[in-house]
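So the structure is just underneath, and the comments pick up after that.
To keep things simple, chains are lettered A, B and C as they appear, and every chain counts its residues starting from 1.
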Amino acid sequence: MILLPIILPFLAAIVLGVIGTPVRGAIANAALSLVVFLLTIAAFTAPGSGLIHADSLGLLFGALTGFIAFTTSLANIGYVRGAEPRLTPPLWRLYHALCQVVLGATLLGLYADNIGLLWASVEIATIAATLAVSLPRTASALEAAWKYFILGGVGIALALFGTMLVYLAAQPALGPGLNAMSFIQLSSHAAWMDGALLTLAFVFILFGYGTKAALVPLHGWLPDAYAEGPAPLTTALSSPMLNLALIAILRFRHLMQANVASGGTAMPPGPFLIVLGLASLLLVGFSLSRRRDARRFFGFSSIEHSGIAIFAFGIGGPAAIFGGLLHMLLQTLIKSALFIALIRAAALRGSTAPGNYSFSHLRGLIHSNKYTAWLLGGAIFALTGLPPSGLFASEFIIISQTVQRNPWVSAPLAVGLLLCAVAILRNIGPLIFGDAPPHTKPVKAAPEMHLVALHLALVVLLAFAMPGPILHLLSTMSGALQ
Amino acid sequence: MLFLLRLIATLLHAAAVFAVAPLLMGAVNKFRAWALGRRGPPFLQPYYELYKHLRKTTLVPETATELFAIWPVAAFLATATAALLVPGFYTGMLTAPTSDFITLIGLLALARAATMLGGLETGFGFGGAAAGREVLFSLFAEAALLVVLLSFVLLAHSITVDGIAVAFATGHIGISVSLGFALAALLAVALTETGRIPTDNPAGHLELAMVHEALTLEYSGRFLLLLQYTAMLRLLLWMDLIGTIFFPFAMAQADSILTWPAGLVLWLIKLGIMAALLPLFEISTAKMRIFRVPEFLGAAMLLGILAGVFLFVAARIGS
Amino acid sequence: MNLTFSLAHLMGGLILLCAFLLLSQRRLAAMITLYQVQALTLSAAAVWQGFAQHEVNLYLTGIITLALKGVLLPIALRQIVLRFNLTRAVESTMPMALSMMLGTGLIGIAVLVVLPSTMSAVSLTREDLAIALSVVLLGLLVMTARRSALAQIIGFLSTENGLVLAAIGMPGMPFVAEFSVALLVLLAFLVVGIFLLRIREHFDTLDITGIEDIERRGR
């Protein structure tokens, strides 16, 4: 049962890659994504066993990934209609196949109960995403893809080394064999693992998966990839991939924390995570206001949110981890909504090709279409973490936990959050209400905008009136992974 | 009695070294020619040439000082002493306690200084340029050598070549990464010191590119004989050094006469193999530009450091 | 010290030596040759470990390594150099001497970090792991020290070799890892091959300094 949502996208990728016109491919892609979404919901009833054995966290984020993939693929139909002449039909087929591969790989990574399989899934997702970024075949897209490939490759290499070290660290506890690669086994035997080796492993894991999560020293690929690739795949669908990397880091952090808590020789993982998280947050805070291209701008904002989540994991304790997970959940919903809206906004101004996303080109959106403008403005506002955005709830939890557990780092955290919020707020006004470029005519809104509204409603709902089962799931998981 | 035996052994070794050195050079030249598809000079050609130089008039340039005659002799004596110190086919000679590495490096430096001064003697340009290059090379080569020595001392707990050979021959050391690194570093230094490709070309006759040859341009007759003989001894010395340290297995003992013949034969085989490998390496690489040489030797030095690092850590942990 | 350990150690040392020499090479042809030697040594090491640990998987790893990395990849790389008529000498971003010193420093760090932290681990893996980590780090250093795309790829491939070296030294490591590494190389090369072709279309050299343009626009 749990295998279906993983296998289906890979099979679908083969079919989508071989046949179909661009628009039909997009429709088939949407239909398949719906099926996968439903399967990810169904997976809650049968979480599997052995290599593919999802825990509640994996299931929850799996369902989120399915949902994002579904809404993105719906929005993608309109995108493909508008952008069809930009790529040849074979490239469109490849594009849709890559969409499915990324989806399948992300689900595989979320559901796998094996550190090797997790690594393999991240690798597949990276290769697919790299290819996707290179699709437009412009010089800048190729450069962005090259950068992505080099940095991603380095990250994958480091992560594999870390994975092997974890296996080696588990030898005293679990002995050779597959057991020493299973998260469930590892976390129940964390106390007997070799602490020093585990610390070394964690450094590699952190930098390896941190590259995928775009943490600061290794973040360089993300803004370019966001700005240059085909928009729906490289932006909206990339948040789940970031989540995958963040969850991987969270799980390894748990191993280390468990080892420390039971008197092992590992170093406490908190400081590593806090430093990386703060570095990401502050770098974005200081450089965000200089970005002129909207896709690059919100790419940087993704780095910020990865940093916040990692910071929350570094603070530790059930509440902070709950806050971090909630932040990831909401951020993913907002970011994909935002990019769907952004693509529509660019479509209102003529073209969705890269290079048409500068703030000056899009300004005064309200003169083109009110509905789109308000929703885009709402999505951007939601990113700042001011109420009524759902991120307010998660950031509030994180900040209060920081003050409680580690008050010294709350000052830089506050500075970073404030800087980012100011930089984002400064752009909303001109972008939505500013003077439109000359010859701007009102245009009808695209139906995709309703998806954006749905996402934003979900964000508010999840943050302030979270349904009981989800709340239960999240809080038990953050208790277990503290 | 034992002392006498060892004395005889030492003298025999000295005789063998002096006798074989030109033959070794001849063999290298011959193999090189073969590898290039030529017939090549006869194996005994170096002896003929030395004899030829012996009969020729020895000229002293007008601009030279009185010291002109001293440098070849000094270079020869220093190199010859060093060559006698390195055990070739048996360990435990009388010279064993004095065969320590630092002495060897010092003697080689002395010989090099003498040749360089000889090259500078008449004040002509090529000699001076070559001397400058020689200084540049030796700066790095000696540093690399000293670093490599460090790992030998750590491994063998002995500073004499003789002691290192004995320690390595017993096999307690096993094969280790450090020795591999040290070998690579030592080979690089040896190629530089003996003036082979890729740092210098022994067959080159373009004055601009020459290093070792340019230093001897002004010498003739018996002085040239001495200098050429020095070069041959130096080649033998380095081959001995590498062969003795890295392949000391089944070497003879100076105090048991029965092992001598086997040791001698083994020595000749070792030299033969190295004489065959050297041209093979030479014809497969190109001579590098002068200013790349410090880089080449710098790499050798770093390899020596790496060998030391691995040994040091292994020693601390006690594997 | 037994033969198993010594030989594994020696081959690891050879692989490390190749990785180190990669740093000091300026010419693409020499880099490819060094990579090939490294890969061949690696396959021998894998087979030897298979023999020592009685693992069929490791023999398989050795054969895959031999076929793909020891033979196919170098041929393909040389083809790229020939076909695109690439500049044979590679530009470096830092002086050679500095990069070599950094390399030595990295090896020192790797040894110092791994050896104490693996005191309790099996002795067969301990020094192998230090060597493997050094190879990984040196490969990354090659990637940062070279400007040409192909040289960076060779650095990356060398890093991969280090990973495989670490994997074959792990006692009883399930085959998942090795297999995926082999796959990765293949896939990576496919991706890279496409890249090279396309980058070629847009720039005339494989010099990737153009990336800095993006950075100026973006930051």
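Convention: contacts are C-beta pairs under 8 Å (C-beta built on N, C-alpha and C of every residue); 3 or more make two chains touch, one makes a residue touch a chain.
Bear in mind that the values here come from a model prediction, so they are computed numbers and not experimental data.
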Exercise. Centre of all protein Cα atoms: which chain's centre is nearest to it?
Worked result: C
Exercise. Which chain's mean C-alpha position is the greatest distance from chain B's?
Worked result: A
Problem set entry | Approximate Å spacing (C-alpha centroids) for the pair chain A, chain C | 30
Exercise. Can you give the whole-Å distance between the Cα centres of chain B and chain C?
Worked result: 35
Problem set entry | Separation of mean Cα positions, chain B and chain A [Å, integer] | 64
For this session: Provide the list of chain C residues touching at least two other chains, using ranges where the numbers run on.
Result: 116, 119
Problem set entry | Contact footprint of chain C on chain A as seen in their complex | 114, 116-117, 119-120, 123, 127, 130-131, 134, 137, 139-140, 142-147, 149-150, 153-154, 156-158, 160-161, 163-164, 167-168, 171-172, 175-178, 181, 194, 196-197, 199-200, 223-224, 227, 287, 290-291, 293, 296
Problem set entry | chain C residues touching chain B - in the complex, by the definition given at the top | 1, 5-7, 9-10, 12-14, 16-17, 20-21, 24, 96-97, 100-101, 103-104, 107-108, 111-112, 115-116, 119, 123, 126-127, 130-131
Exercise. How about chain C: which of its residues touch chain A in the complex?
Worked result: 113-114, 116-122, 125, 129, 132-133, 136, 139-140, 143, 149, 152, 156, 159-160, 162-163, 166-167, 170-174, 176-177, 180-181, 184, 187-188, 191-192, 194-195, 198-199, 202-203, 208, 210-211, 213-214, 217-219
For this session: Please give the residue numbers of chain B that touch chain C in the complex, ascending.
Result: 172, 174-178, 180-181, 184, 294-296, 298-299, 302-303, 305-306, 309-310, 313-314, 317, 319
